[in-house]
Every structure is written in C-alpha cells, then in structure tokens.
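Two complexes follow with chain A in common, the first pairing it with chain B and the second with chain C.
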Partner chain A sequence: MHIAEGVLSPAVLGTGAVLTAAGTFIGLRRLDMNRLMTVAMLSAAFFVGSLVHVPIGVGNVHLLLNGLLGVLLGWAAVPAILVALSLQALFFQFGGLTTLGVNTATMGCAAVVAGWCFTALTGILPGSRGLKVAAFCGGALGVLVAALLTACALAGTDEGLVVAAKMLLVAHLPIMFIEGCITMLAVAFMARVRPEMLASRLSGRRGHPCDDVEDAVETPRQERG
Partner chain B sequence: MNIDDASFVRPSPIGRLDPRVRFLLAIAATVSIALFRDPLACALALCLGAILALAARLPPGTILRRLALVNVFVLFVWCVTPFTTPGDIAFQWHGIAVTRQGLYLATLIALKTNAIFLVFCALICSMLPSTAVQVLERFHCPEKLVLLFLCCVRYIHVLADEWENLWVAARLRGFEPGTNRHTYRTIASLLGLLLVRSYDRAGRVWEAMRLRGFNGRFGGMATFDAGVADIAFGIALACALAALWLVNAGAPWGPADPPLSWGRELFPGWNRG
Partner chain C sequence: MTMRMLRWAAIAALLVFAAGLCGPWCRPAYAHRVSVFAWVNGDMVETESGFSRGNPVVQGTITAFDAVSGDQLAQGVTDAEGRYAFPVPAAIRGSGHGLRIRVDAGEGHRSEWILDAGDIPGSSGEGRTLQAEATPPSGKGYPSPGKGTPSPETPSPSASMPSPPSGMAPPPSGTTPSELRTILSSVLDEKLAPIRRSLALLERPEPGLRDIVGGIGWIVGIAGIVLYFRGRRR
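And then the complex of A and B:
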C-alpha cells in the first residue's frame, strides 16, 4: 500500500517515521544474527510476491502479503518490510523517501498485528483447521489494518481527503478476502511441506537447522571509531 | 518477471557526483517540498525537479511511463477532493459544488507529488542499489539493517527468476488464471513454494557464508570522495532550496487554507467565495 509523495501533512509523515523507527529498532533487536539471512530472503520473496497479480472479475489486484510476512516473522517483519519498500521505491518509484515512514508503519503494524492474531488463534484452536482459520485471519487482518491505517493517514492530513480515504478502505475489502484465502492456502502448503518454517513461530523456538550450531556468529564488534 | 533495478543509472553530470552528497541533498529537497504550502513554491520546485531530471539524463520513455503511474493517484485526488472539501464554493453546476479549498489542496498535491518524484529519480534512483546501501552504511545505519538490505538486493533477482520458472511451469501444464478457486489455490501453492525455496536457500547461503568466515560485515569496494564539483553542486542546490523556502514563507500553515486572492486569475467565476 503506497501513498504517493507530496500528499500527506508533515505531522502524519513525522508520526509515520517515528513509528517505523521504533518498530525497526524492536524488530532488529529481536532479530538473531543467525536468522538474518532468512529474513532477508523472505523480504526478497515478499518483494517478488507483491508483484504477482491475482485476477478478480474483469481486473486484477496485486497481493500485499504483509499478513503472511507477519505470520512468518513476527516483529522482524517490520525491518523486512522497510527493506522491501525502500527497494520498491528505488526500483519502481512506488512511494519515496518522505512517505517511506508512513508506508512502512501502516504495513508493518498490520504485519505485527497479523502475527499476534495468528499466534493467539493457533493457541486457541489447535489442529490443521485452527491453523487455516488463524492463517486466514492473519492474511485478512494484514490488509484490513494496513488499509485502516492508510485511511487514517489520509483523513488525518486534511478533511478534504476523508471521502477519498473511505473509498480506499471500501476498495480494499475484496482484496482482504482474497489475501486471506491466499495466506490460508500458502500457510497450509508450508505446514505440509516445511512445518519448521511455522514451528519457529508457534513454539517460540528458533526454527532453522543451522541455528542449533553452538558457535553462532556473534553480533559484529564496532570497529569504527 | 523482469525486474530492472538500474533503469535510471546513466552516465551523466549528476551520475558522476558523490553518492553521499546526492543522498543528503535528496533528503533535504524531498522533505522541504513535502513541507511546502505555497503553490508557487511547489511549481518552482517542479521546475527544479525537471532541471535535475534533465541533468541526470533520465531516459524519457521510462520516466514518462513511471510519471503516468504516479499521476493515477493524483487523478483520483482530483476526482474526489474538489467536491468533498468543505469551504467556500468556487462554482456550482447542477447542485455539485466545487470548493476553493478543495481545488487548492488538489493543486498542491499534484505539484508536490510530481516535483518530489522527479527529484527522487534524478538524485537517488540514478545510483545502483548496492551504492545506495553503501551510502547507508557510511551514515552509520544499524549493521543488521545494512546486511538485510544487501542480502535482499542480492536475492531479489534470483527469486524473481525462480518465480518465473514456477509460473512458466504452471502455464506449460495448462494453468489459465481466472476468478476461481483453482486459480487462488494454485497461486497460493506457487507462493508457498517460493517461500519454502527461499527459506531453504537462506539456510544454505548462511551456512556457506559462515564456512567462509563471515564475521557480520561485507567489505565494500566503492570509495567515496567529495571533490570541488560535489561541494559546488551541493551549495547550488542548497541555495535553490533556500530560495524556495523564501517563496514559501508567505504561505499559510493551516490545512488547505488558500490565501484569499489565490486562484482568481485561474477561474474567472471565482469571486463568490
């Protein structure tokens, strides 16, 4: 979800930047060095996946996938989204420097909320059906919260944009449903093929096989002055 | 899926400047333009953006296509805000009222969006992604974030190729996307497969990097040094921005509050407001 540059008011831009900085800080602190490559790779997959167009009726929509990323990564989704959105701005000029904060904040908050919802629901409803319900809610919530926050950003800029914000929100309702379905099916697929990808989230353990190696790389020393 | 990550990287006067100087100037310029409230200052900023885009020798076809894409949102704003912003009525037609404040807001958004877009393309998109990440490293961005950037840049093309393979394989088996359950199931499975493969690849790459003694930092090859030309360009652009701020100084700060005289020349039937 990209708001173009030059639309939002300074207050909204500033709030977005602060939220993104805080989220990135938390995400990076919780990100273990051994998981860094996984997060980078999933961030690249998020970039590629969000270029995929899904047909709906006569037109097509592109996926957001922030819900799925939140389900897989939790807080680490915020830096992953920051990286992917910066590169989208650099490659295709979707968004830009000043709106990067707001765009990352809307998508990142939604991803974190989707991750919480997924963890909570899988706790309440164990089994494969619970997993599917949780994944659907995670995916749908990712779009819903992102659309809500984007609408708030527009509405908070100027009262003249309130109607535009409402239209944007309504336009995202079908996308929410599709995103939920896709997330549900993709998570079910991963649970069958590579359950450890989800296991790291569900049990709070680190998931990757190479995480078990004892002499893990330490956080690099500060070599600069 | 063809991802072109260097469509604006051209040999040009701006391309030769120090990336650090360009980065700082781009931040100063885009933040300034985002803060402007005066239409004249925004229009001048658009001219500045056009001059920078010309100096960066951006390919005209690509830049116009991207500009059109950005202006889809501007068009949406123009279709909605003039009618929905409360304020003084500029003119009325069969009960549909257009307000002065709405027109003012839509004009500001159109000018600012295009101006920031051109400045961003000319100064930032004209450097390679790896150079941009090295600039971040020089500015003491957190190391983990820099690593995330570098690894993500490195593998985007690999994963895009992987997606292309999956997609072509599906199409060869007769997959025809449409609005139905089968399509969604297939796309979800392909996405799941892409994620599974990237997860596996991340494990392999990380193990390989550690076997080679990776200690958390890549040694960059680029050396940056700012010369006379860089400093001169920096001062010139800073002066231009200061001039724009002076032009903007008279503008009101409130949201969509046009000065009373604004736009009378543009719309003759304006005086009713």
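And then the complex of A and C:
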C-alpha cells in the first residue's frame, strides 16, 4: 500500500496531503497527552509491521496494522501512521515523501473507519465475545478500507480503478484475516492487562466486560507488585 | 506502574523480535518497494526488476527514456525472473545522453534507474562498440592491419606460435588485434555482467536491523520530546 513517487497526478497527491493534514490536526487535538507513549508504541509497531511479510495467498504482502491502530487509538492513529510512514519513506524508501500524504490518508482514514466500527460493534454486541468480534472486524476492516482507498487513489493511473481494486483485494484477503486475529488478540490482551486503555474507546458505557475484567485482574497484580 | 511499563517494553521487544525473525525467514515478498537495475552487456541493455527481498517483478513494464530529452526509446515486459533486455537504442548512441529506465509493477509500484552516458557504448569518445575497434588507439604499438594481412609483430596468441611462412594467410587460430579486442570485450562484458549487477544491487540496500531499531528510536524520541515540552509548560 505504499504508492511510489511519480505514479499519481498532482491533484490526487494534493487531496491526500489535505486529508492527511486535517486528520493529523484532529488526531492531535483529540490525543490525550497521558497516552502519548501508547501512541508512540503503536506507531513503532506499525513501522515494524510493514517489514513482516506474510507468505500466503496470491502475493506475499506485509502486515499493515492500521486497523489495530484505529481500534486502539481512534483519530490519534492518523498522526501515528504519519510518523511511521515518514520514517519508512526516509529509511527504507517505501513509498516516498511526495506520496506521504496519499499513503497516510489511505491508511489513516481506514484506521479511523476501523475505530468507528469497533466502537459501534462493542455497543451492539455486549460481553467479552462481542469485544473480540468487534476487534476482529475492526482489524479486518482497516485492511479492506485501506485497499479500497488505495485503489481509488490509483484510479487515475493507466492501470484503472477496477484492475487495481481487484488485485489489491485479492492480495490482501489473507492479510485481512491475519490482522483481524492480531487485533482480536491484542484487544483481548489489553482488556486483561490494561483495561483502562480500552475504556476511552468504548463510548463511555458502564457495565462493560472490561470493567469486570479490571476488577478480576486487580488482585493478582497487587500480590505480584 | 513499573510492572506495566515492563510489560509494555516486553511487548515492544517481542514485536521487534518477531519482525526480525520473520524477516529473513519469510518468502520473498510482493510489497511496498520495487527496484529496477540496469547495466550494459555488449550491445544490450539488461534490466532486472525486483520487489524488496528479492522477489522478481513478473510481467512488469519496462520503459526506457532518453534521460535528457525524455523521449521514449524502448519498452517491454519482464520475464519470470524479472529480467528484460533490449539493444542499446540507436538514438542514444553518440548523443552523450544517459538512459532513464522505469519499471511499472502495478498497484502504484514504480521505480527508476539512471544509466549514465559513460556506460553506454558509442556515447563517449572511446566506446566498446565494434565500430570503435576498427581504429585502435594509437600509441599502444599496434599496427593497424587489414583483415587477412599477415603481421608477425602482432601481440596476439599467434605470435607465440611458430610464425607461418611469409606470404601465407594466417592460420585459422590466428586473430588480428581488432578481432582480439572484439572477442576480449565481449568476454569481459560477459564476465563483468554479474559484477555490474551486484554493484547495482548494492545501491539499494534492504532495510537492516540498524534501520529498524533506529526508526523505533526516532518514534520514541519524538514522543519523548513532546512530553518534555508538555512537562515544562506545566
């Protein structure tokens, strides 16, 4: 999903840059400074995730982890992705500096959509199982939307929207599944270890499984500490 | 609190470790970065295109342009090994321009490679083309014999052999200096092609552990700087 330099028209590049700037602004406004290190950690995970290749399916593709960032961070995923993509462009020549805006926009918007989906689904499906389902859907949706948005960005090239979308979707089907599982495991782990981190993502409902789990894990932690 | 931080550090370390493990293990990938390399082998320009970690670009489009004027000079499709070769375009010979070679691998993957004018035969004073061999540079002690003329002083392999009686044509094994230069240059091109290829590969290194750790350091550092300034403001 790293579109290289020189492929896209200036109009698409400009749109991507504007979207990224807006998303970064919103993300930084909504960012709770006490959670800054969490954002940095997940940004680092995104940065490294692109180096993990998954040798399944038609093409071997790399992890995106943008769904995970969206589920855990919401809008703050956009600045996190921007930082990670800038470093990838500088260090690895993945994508490029001119396409940074478009690449951040495709993956960042997908992350935000994944976050919305997660929040909405946890509202509909109660219980710890609902949490897992919501996390899986969020992680998979992040990849799906990113692939669709990348195809839209490529619509102006001679490859065309339909071909690009088909190729990207087929190649990313296994990744959708894998990232759904990763996000599910990460969220389940978070619900056990740091439930307060998830609380801000769960539309402020009381009586959520996380609250019970928090009480349950509090005791052993004190014994250990 | 320290337990939590330790746990986070452990998760981060695990992620990095997993990436490092999977990196070399996983099969070559079809992802983010595509590279094209080109070198000259005799009168052919050979190109090789690959995604990061060595997977070849199959059925990618190679386009060659004049690096100065931007005219399209050649186009073709890569084979199963990501290779495509085309003859040095006539338009580029003697023009002193380089070649800009581009690969389009689909889904927004594109890369370019510049072949310097000095690498292209016939573009500079002393090229490796056959035409240039017809007049070997003076000062090297070569007589300039016509084809078929016997020349006992020729420093060719035939000189070490018993010299043929004068007035006879050289033996079949005998070669004139110009033919020898042609043969040598083609053999050298053949022998040097892998070296040129690996030199080209060296210019686009794969991300290493140092880059990965450095990048993570940058991210944590940026967060640290922001926190520092937040803390001062309070």
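Just so it is clear, the second predicted complex is superposed on the first by the 184 of 225 C-alpha atoms of A that agree within 3 Å, B and C clash if a C-alpha of one lies under 4 Å from a C-alpha of the other, contacts with A are read in each partner's own complex, and residues count from 1 in each chain.
Rule of thumb we're sticking to: a residue touches a chain if its C-beta (ideal position, glycine included) is under 8 Å from a C-beta of that chain, and two chains touch if they have at least 3 such contacts.
The structure presented is a predicted model; accordingly, all values stated were derived computationally and were not measured.
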item: Partner chain in contact with A:98 - chain B first, chain C second, else both or neither; value: first
item: Chain B versus chain C as contact partner of A:50, first or second or both or neither; value: second
item: Touched partner set for A:150, first chain B, second chain C, both or neither; value: second
item: Contacts of A:41 with chain B and chain C, given as first, second, both or neither; value: both
item: Chain B versus chain C as contact partner of A:62, first or second or both or neither; value: second
item: Chain B versus chain C as contact partner of A:167, first or second or both or neither; value: both
item: Chain B versus chain C as contact partner of A:72, first or second or both or neither; value: first
item: Which of chain B and chain C A:185 touches, first, second, both or neither; value: first
item: Greater chain A contact set [chain C / chain B]; value: B
item: Partner chain(s) touched by A:193 [first = chain B, second = chain C, both, neither]; value: both
item: Shared contact residues on chain A - chain B and chain C; value: 3-8, 33, 36-37, 39-41, 43-45, 47-49, 51-52, 54-55, 83-84, 87, 91-93, 157, 159, 164, 167, 193-194, 224
item: Of all residues in chain A, those that touch chain B in their complex; value: 3-10, 13, 24, 28, 31, 33-34, 36-45, 47-49, 51-52, 54-57, 63, 65, 68, 72, 79-80, 82-84, 86-87, 89-93, 96-98, 157-164, 167, 178, 181-187, 189-190, 193-194, 197, 208-210, 217-220, 223-224
item: Residue numbers on chain C that touch chain A, as the complex places them; value: 3-4, 7-8, 11-12, 15-16, 18-19, 22-23, 26-34, 52-53, 55, 106-112, 204, 207, 211-212, 214-216, 218-220, 222-223, 226-227, 230
item: Chain B - residues contacting chain A, complex; value: 1, 3-5, 26-27, 30-31, 33-35, 66, 70, 73-74, 76-77, 80-81, 84-86, 99, 101-102, 105, 108-109, 111-117, 120-121, 124-125, 129, 132, 140, 142-145, 147-153, 155-156, 158-160, 163, 177-179, 183-185, 187-189, 191-196, 198-203, 205-207, 209-210, 214-217, 255-256
item: Of chain A, residues touching chain C in the complex; value: 1-8, 33, 36-37, 39-41, 43-45, 47-55, 59-62, 83-84, 87-88, 91-95, 150, 153-154, 157, 159, 164, 167-168, 171, 193-194, 221, 224-225
